[in-house]
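Labels run A, B, C and D following the written order; every chain starts at residue 1.
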Amino acid sequence: MGGSIFGKAFRITTFGESHGKAVGVVVEGVTPGLPLTEADIQIELDRRKPGQSEVATPRQESDTVHILSGVFEGRATGCPIALVIWNADARPEAYRDLAEVFRPGHADYTYHAKYGIRDHRGSGRASGRETAARVAAGAIAKKVLAPAGVTIRAYTLQVGAIGAERVDLDEVDRNPVRCPDPSAAARMVEAIREARDQKDSLGGIVECRATGVPAGLGEPVFDKLDADLAKAMLSLGAVKGIEFGAGFGAVTMRGSEHNDALTAEGFATNHAGGVLGGISTGAELVFRIAVKPTSSIGREQVTVDLDGRERRIAIGGRHDPCICPRIVPVVEAMAALVLVDHLKRQSALRGGA
Amino acid sequence: MGGSIFGKAFRITTFGESHGKAVGVVVEGVTPGLPLTEADIQIELDRRKPGQSEVATPRQESDTVHILSGVFEGRATGCPIALVIWNADARPEAYRDLAEVFRPGHADYTYHAKYGIRDHRGSGRASGRETAARVAAGAIAKKVLAPAGVTIRAYTLQVGAIGAERVDLDEVDRNPVRCPDPSAAARMVEAIREARDQKDSLGGIVECRATGVPAGLGEPVFDKLDADLAKAMLSLGAVKGIEFGAGFGAVTMRGSEHNDALTAEGFATNHAGGVLGGISTGAELVFRIAVKPTSSIGREQVTVDLDGRERRIAIGGRHDPCICPRIVPVVEAMAALVLVDHLKRQSALRGGA
Amino acid sequence: MGGSIFGKAFRITTFGESHGKAVGVVVEGVTPGLPLTEADIQIELDRRKPGQSEVATPRQESDTVHILSGVFEGRATGCPIALVIWNADARPEAYRDLAEVFRPGHADYTYHAKYGIRDHRGSGRASGRETAARVAAGAIAKKVLAPAGVTIRAYTLQVGAIGAERVDLDEVDRNPVRCPDPSAAARMVEAIREARDQKDSLGGIVECRATGVPAGLGEPVFDKLDADLAKAMLSLGAVKGIEFGAGFGAVTMRGSEHNDALTAEGFATNHAGGVLGGISTGAELVFRIAVKPTSSIGREQVTVDLDGRERRIAIGGRHDPCICPRIVPVVEAMAALVLVDHLKRQSALRGGA
Amino acid sequence: MGGSIFGKAFRITTFGESHGKAVGVVVEGVTPGLPLTEADIQIELDRRKPGQSEVATPRQESDTVHILSGVFEGRATGCPIALVIWNADARPEAYRDLAEVFRPGHADYTYHAKYGIRDHRGSGRASGRETAARVAAGAIAKKVLAPAGVTIRAYTLQVGAIGAERVDLDEVDRNPVRCPDPSAAARMVEAIREARDQKDSLGGIVECRATGVPAGLGEPVFDKLDADLAKAMLSLGAVKGIEFGAGFGAVTMRGSEHNDALTAEGFATNHAGGVLGGISTGAELVFRIAVKPTSSIGREQVTVDLDGRERRIAIGGRHDPCICPRIVPVVEAMAALVLVDHLKRQSALRGGA
């Protein structure tokens, strides 16, 4: 218990607050012998780090990762790998005004209710900054998955009411919103700018696809692959929903329409999104998450302080006006962690005899 | 690992196949001294059992629960409570034809891929019948929640394209689809009948609301309350999506619109659905799940057999043409299990000193 | 939490009280395809069951096991295997006198302190009868280990002050105390008879050896093989100590004496007992446990009742005057469960890539 | 899985190797609001650190702890507390000669067998240095226990054949062997000196007593208090055995002698060592561990290299000729971690309703 451990056969323990000394993670269960360097991890952290474009927060963090243990002469030893990322641009004083007040849409109120004490500096543990640790761990998971032929790609499918009309994965890294449709991407950027100028924020949808996932991953009845992915995604503060394959669209389909026919060449369609009965089918794994509009906005809002008195606040600080672009590498990281965990669980189930 | 254990401080282990000897569950962590009888559990099982209406499967099961341990003189002892429900109307022979073929939309193919062996009798472990064990355990969880003032209610919000237009909880148990809008309920029943007559099936949306949930439940960053609820719901075979509060609707809202203002009287709105930063806010907990159309349909479908040869099958047997009405008590059970688990985890966090 | 689950990759959940309806276990993580019948399990239960000799309790239990799930056509399916053993010779009324009084050396007092409620019938959950479930699960573990070439043998090394002077494994099953030295066995039987006639009881030492354990099992730093075995053995109510290899004898050895030299043919000695740094060495795994004299004795003893008033009691009922002979199969079962768990964990660590 | 996580309701994840960058720990489940500073932790680390006396290793480590997260304005926030201790006096080059050879009595051979790769620098993860992280976490556990009135004291009871003849806790910190009998202490120091001069090492017995432990801690049937303590102690590399209360002495006692009579004033004796049926009795918790003689000795020993060729080695480096004095604070730390875990588990069991 405690809530900062994820996974069973491949397990991570994260720690750290937004404006404390550092964020970090301990990764257990890494296949001994796996080649691993700080650069392998840095490449993923660089995708998540702030300050990369005009549609992201200007906070300046190099997000440099340090491996403290578990790697020897460039290879994982099988012992826990501890990673630390120091908080360089922490400005706790910028949050002093918020110590006494609960920001709407934030975890301020609930942390106070739960713990009776709260680190108010930039959301503390509830900050999106915590996900840097997940991305670092996910980078290791991706390294484990690579030789198994598994590839995971996430991208921004929708921002506000603007949806991508096509998915060209080569386009994703060519625009600041990480949208696979360059035309939609331009309009998304424009919409985010406009919202930011209005001291407001936008929500969106991020889609994730994993190819090369072998059939047979997932452990019914509770630790189903989609159940564990749902938990992984809903554990991200800004995520308010998830759907697999046809998802909520399945509601208005008939069984004869939704069922994916099996043929000698594989599944004819993929309404299931690559999971049946909680186990991977071998088809592409597909899911989408609903990302809420950023809670931190410059507009004046009504709220209460610690004494229950009504207050009006306009949140300064440095925030992303739309979380989608920066959540993309986090979604990939969490998906990778779930997949490696289940790959190793499947090895345990079938092995040992 | 293994996948049949759910929860940490309040923990269940389920077992059983559709056409084996029994399904059952072991419940750990029940508050010692809790008054508990078989009748307390039976009342919930009766809500889930088959054969209750013309829109449900005609399989005849009394689903009588037997307490094997952990209760002494009408009270929980604090030791594990084992519950068994015998399979009375098992007809394994009815499934003999299915031994060699993978039913579309079912877990047949994935169980085969995962385990290399499959109990083909009525879906075996992948059958919805497994959820009887969850409902039995959930009945105990509800008993734990009752004195804490927590009430959980689920209902069918939509069947196919037909949505409830109002929510009157008193109506839910007055119609066979468990819809809180009697007018919509009548049209839903008609639609299900029609689909059944066409040897087809319908999907739907089930909504769940929990009132009385104290603020402070949920353990960031991974074991968030919504994350654990998402896992619980996606662990149900027919569920393909979940959303909390405004859910996917948040995508097109702005931050200024989506943020719930705090007032001296509490939250002014509840777009968050009762969870912020993964911790309960004290407001009503609200989520919706997407239920796919039943996979088992009488229509002829294309599939393959164990040797990869194309086959055509029409599934006989006894199936629900729409799963929504019968999943309602299961959703409540799973929500109750998650809430008790987190109530007890909160006791652990704050206690002991 | 809850305490009735053991293992991670191969995991059991037990339930049941001495004089309730049944004891049982759910076993998760069994290799799919493993041949398994009730007879495979019964053979181990028969070794543990009461009433087998004059030095054991006369309670009559057939201890017949029933497989409720997870086995199909004689093979494990990979889904949870539930086993139930009904309590046939339960005589709860025989314990009515004990409802108000705490038996010395028993868990009566501590269960009362922990739970505030107590099933006083024959020790309830604290009864040695609970170990029938462990033996049943251990029988499955032994089946998993057999093809891997692992053999586990436990035996009574000492009863009171009488120690075996040689270890001939063929002798173990030829005498009622399960001693590998027939000459010592005869004296042990005599000593137990004498203690029983004096309404008293005896303690002893049970030794366990596992051969064929591959090098590399155990997960530092906490889930070391010896740490998990120690937990497994101390989880038996009558066990008060454990030692590996030279054990407490190592205290008076020097490093130069205790260190096992490695040679081209393997370890020259085995003072380590087959574990170094918490990982199996490939040498024979050897440990001994201290078994306390049975708490239930016919002699009059001083104690207190629920109100703290002094009382004198002489315990009737049917008890083993020395627990060693009947704990032997339980020790083997627990050792098998730990070894399979670690075999599968090792598969997870090295696999999946 | 992975093996570096300990505890459930109060949970630690450790990392780090002897001659890597750092050792550290993440502590979860700390009661929010607990006053905590680095000095609180440092005081315990200083008791364990090397170089304190002539009978300990001369390795120079300040073992300064750094809190990276989970503490805000001098109080625990309820979020994970990460602690790091940098390795200052790491001399990896000193171990270059050992890369190709397995030291007798060490984990070299088993790590190689398990992982196929080994960090040979000063035993890597298998080094006793890893326990600094445990002591740091244990210092927090002690802070949680203090207001509950629980006190834990460990001490050296025996070194080689020299045993303490009386237990005066005030004496423990007045001599370098941490023996509660000053006369025996002097002889122990002499014996250790002599062994060191002979390039050899000594074993010993460490006893631990916890007072103020409330009755009711421990979770049958597997997570018994003594079972979890046994696991905790056997997870220390040098420990080869454990016994509670009368321990192995119970073997030659009769039931009438071993049973502790209950009186209106409490237990008349404490042969049980404070645990009955795996639950604390409220009496003093007492256990002893067998500590093997240090494996690293200067004497020439026979062993093999990676290719199985016989080699002779004399181990240089800086080692404790007897581990007992320095294991004392580690034993206390592990006992504290187990007790807090069970205090919080008990809160969960009884709470939430």
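Everything below uses one rule, namely that a contact is a pair of C-beta atoms (placed from the backbone, for glycine too) under 8 Å apart; a residue touches a chain by one contact, two chains touch by 3 or more.
Since we're looking at a predicted model, the values are computed, not measured.
Enquirer: Could you tell me which chain lies farthest from chain A when each chain's centre is the average position of its Cα atoms?
Expert: Following the centroid criterion, the farthest chain would be C.
Enquirer: Could you work out how far the Cα centre of chain A sits from that of chain C, in whole Å?
Expert: Each chain reduced to its C-alpha mean, chain A and chain C end up 45 Å apart.
Enquirer: Let me have the rounded angstrom distance from the C-alpha centre of chain A over to the C-alpha centre of chain B, please.
Expert: From the centre of chain A to the centre of chain B is 26 Å.
Enquirer: Go ahead and note the Å separation of the Cα centroids belonging to chain A and chain D.
Expert: 38
Enquirer: Could you list which residues of chain B touch at least two other chains?
Expert: Only 1-5, 8-9, 14, 29, 32, 78-79, 114, 116, 125, 220, 345-346, 348-350 qualify.
Enquirer: Mapping chain-to-chain touches, which pattern fits: line, ring, star, complete or other?
Expert: complete
Enquirer: Going by the contact rule set out above, which residues of chain C touch chain D in the complex?
Expert: Against chain D, the touching part of chain C is residues 1-6, 8-9, 14, 102, 104-107, 109-111, 113-114, 116, 125-126, 130, 158, 160-161, 195, 200-205, 215-224, 226-235, 237, 240-248, 250-264, 268, 272-273, 275-282, 290-297, 299, 301-304, 308-310, 345-346, 348-350.
Enquirer: Quick one: in the complex, what on chain C touches chain A?
Expert: 1, 8-10, 29, 31-32, 34, 78-79, 144, 147-148, 220, 340, 343-353
Enquirer: Could you list, by residue number, the parts of chain B that touch chain C in their complex?
Expert: Result: residues 1-5, 8-9, 11, 13-17, 20-24, 26, 28-29, 32-33, 66-70, 72, 75-82, 84, 114-119, 121, 124-125 of chain B touch chain C.
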